[in-house]
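Each of the next two complexes has chain A plus one more chain, namely chain B in the first and chain C in the second.
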Partner chain A sequence: MGLGTGILTGHLVTLRRFLRTFLVGQGRTLKRRGGGHQPLDFFRKPAPGTEPVIDQGPTTEGLFTVEYPDERLPTRERFRVLPVLIYDDEDGYVRCTSCNICAKVCPPQCIWMTHAQGPDGNPVPMPEDFFIDMDVCMNCGFCAEYCPFDAIKMDQNFEQSNYERHQTHIYSLQDLLVSSTYYAQTHPEAWASADEVAERNKVKKKKDQRLQKALAGPASGRPAPAAVS
Partner chain B sequence: MVTDPVLALWASLTLEPIPWLPWIAWLLIGFAAAFPGIVAYMVWAERKIAARFQDRIGPNRVGPLGLLQPIADAIKLITKEDVVPQAADRIVHVLAPVLLLISALLTLAVIPFGYGRLVDRTDPATDAVIGWLTGLAPVELPSGLLYLIAVSSLASLGVFLAGWSSRNKYALLGAMRSVAQLVSYEVPQVLSTIPAVLFAGTLSLVGIFNAQDQLGWFIASPPGLVAFTILMIASIAEVNRAPFDLPEAESEIIAGYHTEYSSMRFGLFFLAEYMSMLAVSCLATTLYLGGGSLPFFSLRGLLSDTLASQLLVNALAVGVFAAKVFFLIFVMFWVRATLPRMRVDRLMSFAWKFLVPLSIVNLVIAAVWFEIVVRPTNHATWGLIDLTWWGAVVLTGLLEILAIWILNALLRLDRAATDPRLIPPRLLVPTSAPWAQTTLRA
Partner chain C sequence: MSTPATHPPRNGPSVIRPEWTVTIDPVLQKELERHVLVTDWNKLIGLVDTIYNWGRRSSLWPLGFGLACCAIEMICTASSRFDIARFGAEVFRGSPRQADVMIVSGTVTKTMMPMIARLYDQMPEPKYVISMGACATGGGPFKEGYNVVSGIDKYLPVDVYIPGCPPTPQALLHGLMALQKKIDGETITDLPWYRRDVEREIPVPVLGPDLIDLRTLEITAERTALGLIEAREATLEKPPRIPAPQPAAAEPAEDAAPAAPPSSKLDKIRARVQGTNPAAQGDGETSAASAPPKSAPRAARKPKVAPVMPSLRWLGDEGLAALADRINAELGPGTATIVQAALLIPADKLLEVARFLRDSNVIRYDYLASLQSVHYEDCIEVTYHLDSTSRPGSLIELRVRVAEPEGQGKLPSVVSIWPGADFQEREVYDMMGVRFLGHPNLTRILMWEGFAYHPLRKDYLEPYYEGPTKVLESRVEDGQHFRGEELNPHGTNIKIPQSYQGWNSLDPDADPKGVHLIPPSAAVQVAEIDSESFVLSMGPQHPSTHGVFRMNLRVDGETVVGLKPVMGYMHRNHEKIGERNTFLMNFPFTDRLDYLTSMANNWGYALAVEQLMGDDAKVPERAEYIRVIMAELTRIASHMWSIGFLLNDLGAFFTPALYAIEERELILDLFEWASGSRMMCNYFRFGGVAFDLPDGWLDRCQAIVYDRLERRIDELDRYLSGNEILLERCRGVGVLTAEQAIALSTSGPVLRGSGVKYDIRRAAPYGIYDRFDFDVITGTRGDIYDRYLVRLQEMRQSVKILKHAVHDIPEGPILPGKKSYQIKVPAGEAYSRTEAPKGELGFYVISDGTTGTAYRYHVRSPSFINLTALETMCLGHTVADVVGILGSLDIVLGEVDR
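What follows is the complex of A and B.
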């Protein structure tokens, strides 16, 4: 006969979902799934930086909401937002040689830079200053793809909002620099990959040679490190 | 020990000494404070519960568990600009939401929420003096149910005025749908209240509550159960909630009759919708779930003349009443979280071709139950569990099943005959027509 049985079954299905939000998940009954703060713990929130990271898989059941400021989704290694410039921790040198390739390849043309000059007025392979207009950048990652020196990389920090957008959104060299250690932390796989290891060694050698050559003018000796933030 | 103001307030709430005092007390405590507060937190509960049905958390940013969310929403609504469209009929536009809200509030005015006090009253039929519970109803009307049905029909007037005065095609369409729906579902709603009237022998809601306190809940009989179900279905349609929310179907007609309303005037519609949900739940509780009474056990014996006993019993009864009402409201949330919106022709055929005949047949079956069980034994339900009772359950139960089965079969036959998808496609122009032949040849 089937009189209304479909409707009743449907109601049982939704009721089951309703109950499961209380009963299943990593946390039981009253505990938040993912181990966030408890629902009965009304006023305490995790301190900034200690928010639990919630990783949901295809088998996750129960509540799906990630309460963003208090809980976070994990960022995967390939996740990219804005470019950063890397300096090597060992010697404090910026990897960038100011070759301008990234500026040329950048589709919206939001990178520009000035070349550093040695004591004799000859150009030195490092940037004097380096700018990226973050409002124009479209996060394509071409700059990082094309950089022959692995100097520019895509960062994962997505919390960039602020109240002023005319000056603060044009990032200068100082704003862009991050250490190679930081990069190794956010991109462990890429950092350990054979490619990047080989590239690092090669670049180091090449850069050293070019630097020495440029500096072998009237005044010998190394200039002060360009920037160590 | 007993302070006078407390006693006076209590006496006033239970309709005794001064005729106008209870009204003032109910207006100030119930209608100006308690009911809007309950409604605000119904909205919160609905958001929380609907969220859980969808594996979400729901509001939790304003205050712990989002408990201050209704207050934040109210502040937002009040501070928003109130726009009345230039072409709108101003007075009617402003009046419409108020009318809706008044309808919902007036409905609540005759509901017995608790036990009230035990007073002596002469039974008009037998002239015997009987104990009568005043039921803690704001107003006790001898024909409360009639009044209740009359004021709840005001809602469709409010809805139509809103849609008409807005001068907006969507609002008008929504209003027209709404009136069609409200008028249609009012019929089964009213018809399904009649078994309760039949069992109790009175139109007074307080009387119906008294009868259930004595005879047992009316839902515990096959005709009562069917009537209660019809009443709930029709009530959900009456308050325009899913799956009967065609009047405000967002995807078709924006927001229906309140498309042109903004600010707190929209808030009034919102308030009225939830208020009428509360009202129909209270009505169903009073008619079939025995109001504030507990199953198998009457609190009447605990009532005495002392203030303490009255307060205690009534606190308990109001708690029980609130629990039942909340359960019914939860069921409404649950239905909304489950069922998609109905098609308009299905909506109408369900009301007129299924619910109305079923409630009429149910009335007859209720009369059978009345004759077999209620009248001879003076027990509606579990006051008397013996062979007569079981026999009556089997008999009326079978009759109900038969009625539902036949009506369902008829409805299906009718659907099969009228469903456009099941009618074989026909050519609009018969090719045998001579002029069609010439056109085709040319």
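What follows is the complex of A and C.
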């Protein structure tokens, strides 16, 4: 190789790569490859929520630029950022039973909860307080993985930058709750999986039973406390 | 009139004289506004603000400054896929004096904090700070560590926080946009940098007995003198300590299952945990084992004991017995005793035994694989794992025991026999306080000189210490959550001994990290130049040190005549935290060792614990294949990164790196799809993997493996291997001979680049690597070029393995049983060896069988030990070559400092 040709070759490589970014197939059209072959458009921005998704396939050349925030990378179902708690849309029932398993498996120990108590002082399978310190959470997903009630799940919302941490980064129960509909949208496969369907049915059955009991309550339920006391 | 009407009295109603007020006809006003720009002061300022802010927000130049894992995502943000240039922020400045925004990307350690404060002070106004990721924001998962600052906002004013661990490149861009929004809201009238009364300078904190913030010096001294830390610690449960394993001869003769000694030590732990006096129960092994403590149902369960072997592939029981006999015959009886499948050597005979093993034994133990120490109840044990490059896979373990009290343990250094022990012995000294006599430069390596403690000793409790094992006590009180800071009397992550007196001698300009690592003059003579040599500190903030790594160079002209690596700036207390975590919890932490290769780290750790668990964690076939696929994809991604950034170091700034990490992005897509995270995969579990591959994953993987990877490797090969600049810069530079490479305990591409055919996948096969057909690539000259070429060829071999694995992968379960977070790990000791992309990654795990945590958890990290060879390779070369040589070592600081 002659002296100096290394530099020339390098520049040619760069030039070729630059041109190929914009050329589809044999170089006929001036379009950006990637999500849906959109033409170049510098002026119109997609409406929020309708940003095209750039999922680069294996048969492509090079790497496409994902013009965040106007375009997005595909959000894979298992993609995890921060944990959330699920409540059921139909009745507002928080799935968490405060069994503490998520807190037990949490590697950096950022989950803390207290059990709710009924008016009679007996524990109720619900959290009274639930805190997650987002400045400690390592997004590992163990809490969601080992939760037996499908109550804690990993959210996919990564756009959470903010200007303050001391008041806002410890998420309380209210900050953590998301609806089951939201979860069904973000995690369609998991939602439809046999495990979660079975778990939902089980809970539903239990709720039905409880409802029946409550309905029958005034008649048969009242003597019970009397018997205890 | 004494009071002019133009200055109305401050508190009274202002006087308005009728001639001052002008009434303009509204029609006239409209006409005026149409033709003449009429504005008021605020509107004018607003106009200036718009332009002023637009200019600043659109050219935020970040400081080229990365700390840990988040920095990798930051680099990806700058790469072609996310292209931070679209925001005008692509100009990552090497110097703080040209930067506008500091992206604190990663764990802020105490060792690094003074440098960060200095960098911030050097940045000109206006300056902004983005805190990227959980660690920088609040300490993150490493918050409980003793060397971690609980959030950069303890020192610097932070403008934007980006949650996530790590935040993805898109999240970083979102953070950048948040900062732009903040800038848009600023007005020139009240910007702090135009105000004289606002002090923006940050006093540089001092590395004294701990990291001391000079702003709170008095109160820190006061609280220390009160002994508040000691008082708090007195109330806490300390980590239990177990006695060191004893020779088999002293035990009852149940040979098949040597359960007696562990069960006796377990009883001691139980006794401790239950608060009874262990001495009262006596030390008799058999009695303690046969008579379980009364009314303790947990203790009545017979603890399981792991199969006794140092590693999965080793010399074997007979071989070890024969070796012990030979040593005893050669060097006098009693020299070697077999204790738990390892040779117990008295400290005074260590050098003789080492020399015998290396020079005279049938199997030449020329390779010191790993050196670590364990703090037992009655001693500190230093263990050596040795292997032979001529007979790979015949690993043995040596044990040497020294006195337990702090500062009293002494043993001879083996640096003269295996020079690769250099840094590892210094680490043991730093972490446990054991002195190695005859070590050329026994100084602290990870912490700084003057740090008050030896942190891996079991009697050292960290500032935020809460209990010996997780799960910790609840942090909810009266419906409010409190942070770890509130547990510490200082309100932050510091601990200073009550007796500390040197408050007045704290000097922010002192250099307790590098002061003892000044290379001696005249290590190499430069004959033709008659000049004075001087010491140059390169790093820890330097674009070419691959993170916060520092070298003290002695240069004569441009020639490097002495070099001492200074490390510890990324020391995140992985091992100390790992000894409190349950076994499962360590997985996500291993992700953050070498954050480029989290899958490989997962595997190394899984392998160690699976060795202890034995058949309980038998990996199903499909999971074995998934593991191989993931590990080899990781290898390709890591080598691509390494080659790209080697070019970066050689001066081809960023363009080759951009090309090289393109494929990595597609591989990361696969990881994210399967595991949920691009970098911190946390995908392996004991006995398998966390999730099965999603639908369509294998097709995509197959297509990438078959269509893309080879093409791209060929492309790199074509562009680089014959490139004259590359050849000029790499040939004959940083030469490491095969003998040196072995002696210095290097591993991975560094060792193979020097022509030593030693790959753990072949030398001590793990997983199902023995089923695959691949070559172990070696170099011939041992220079930068050969290491580059080994990496390149290795990627081809990985593709070969991947093609087989993707094709052959069977259907089936991915875990041996039901997924459970309760992991029962029998008592025992294991050392796993895996061929991570950087080299031999080993995990040394001791389980006590009851607490559910590792009693000792040590990482043999390839990046760290490969650095031992740096000095040898660099002497006589120029500073520019040092950068290239360091690039060819391919270190990742998360793994160097752990």
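Just so we're on the same page, the second predicted complex is superposed on the first by the 161 of 229 C-alpha atoms of A that agree within 3 Å, B and C clash if a C-alpha of one lies under 4 Å from a C-alpha of the other, contacts with A are read in each partner's own complex, and residues count from 1 in each chain.
Note that in this section contacts are C-beta pairs under 8 Å (C-beta built on N, C-alpha and C of every residue); 3 or more make two chains touch, one makes a residue touch a chain.
Computed from a predicted structure; not experimentally measured.
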Just to be sure I read the superposition right, which of the two partners does A:F158 touch: chain B = first, chain C = second, or both, or neither? second
Tell me the contact category for A:E67 with respect to chain B and chain C: first, second, both or neither. both
More residues of chain A are touched by which chain, chain B or chain C? C
With the two complexes superposed on chain A, say which partner A:A198 touches: chain B (first), chain C (second), both, or neither. neither
Scan A:T9 for contacts with chain B and chain C and give back first, second, both or neither. second
Partner chain in contact with A:F18 - chain B first, chain C second, else both or neither: first
Classify the contacts of A:N139 with the two partner chains as first (chain B alone), second (chain C alone), both, or neither. second
Chain B and chain C footprints on chain A, overlapping residues: 1, 3, 7, 10, 13-14, 17, 62-65, 67
Give every residue of chain C touching chain A within the complex, in rising order. 80-83, 86, 131, 134, 137-144, 151, 153, 158-165, 167-171, 173-175, 177-178, 182, 470-472, 474-476, 479, 481, 483-484, 581-582, 584-589, 591-592, 652, 655, 659, 662, 665-666, 669, 672-677, 680, 682, 690-691, 694, 700, 703-704, 707-708, 719, 722-726, 819-821
Which chain A residues qualify as touching chain B in the complex? 1, 3, 7, 10-11, 13-15, 17-18, 21-22, 39, 42-43, 62-65, 67
So in the complex, the part of chain A that touches chain C is made up of which residues? 1, 3, 5-7, 9-10, 13-14, 17, 56-59, 62-69, 72-73, 76-82, 101, 103-109, 112-114, 128-129, 131, 133-142, 145-146, 154, 158-165, 169-170, 172, 189
Contact set on chain B toward chain A in their complex: 49, 52-57, 60, 64-65, 334-335, 337-339, 404-405, 408
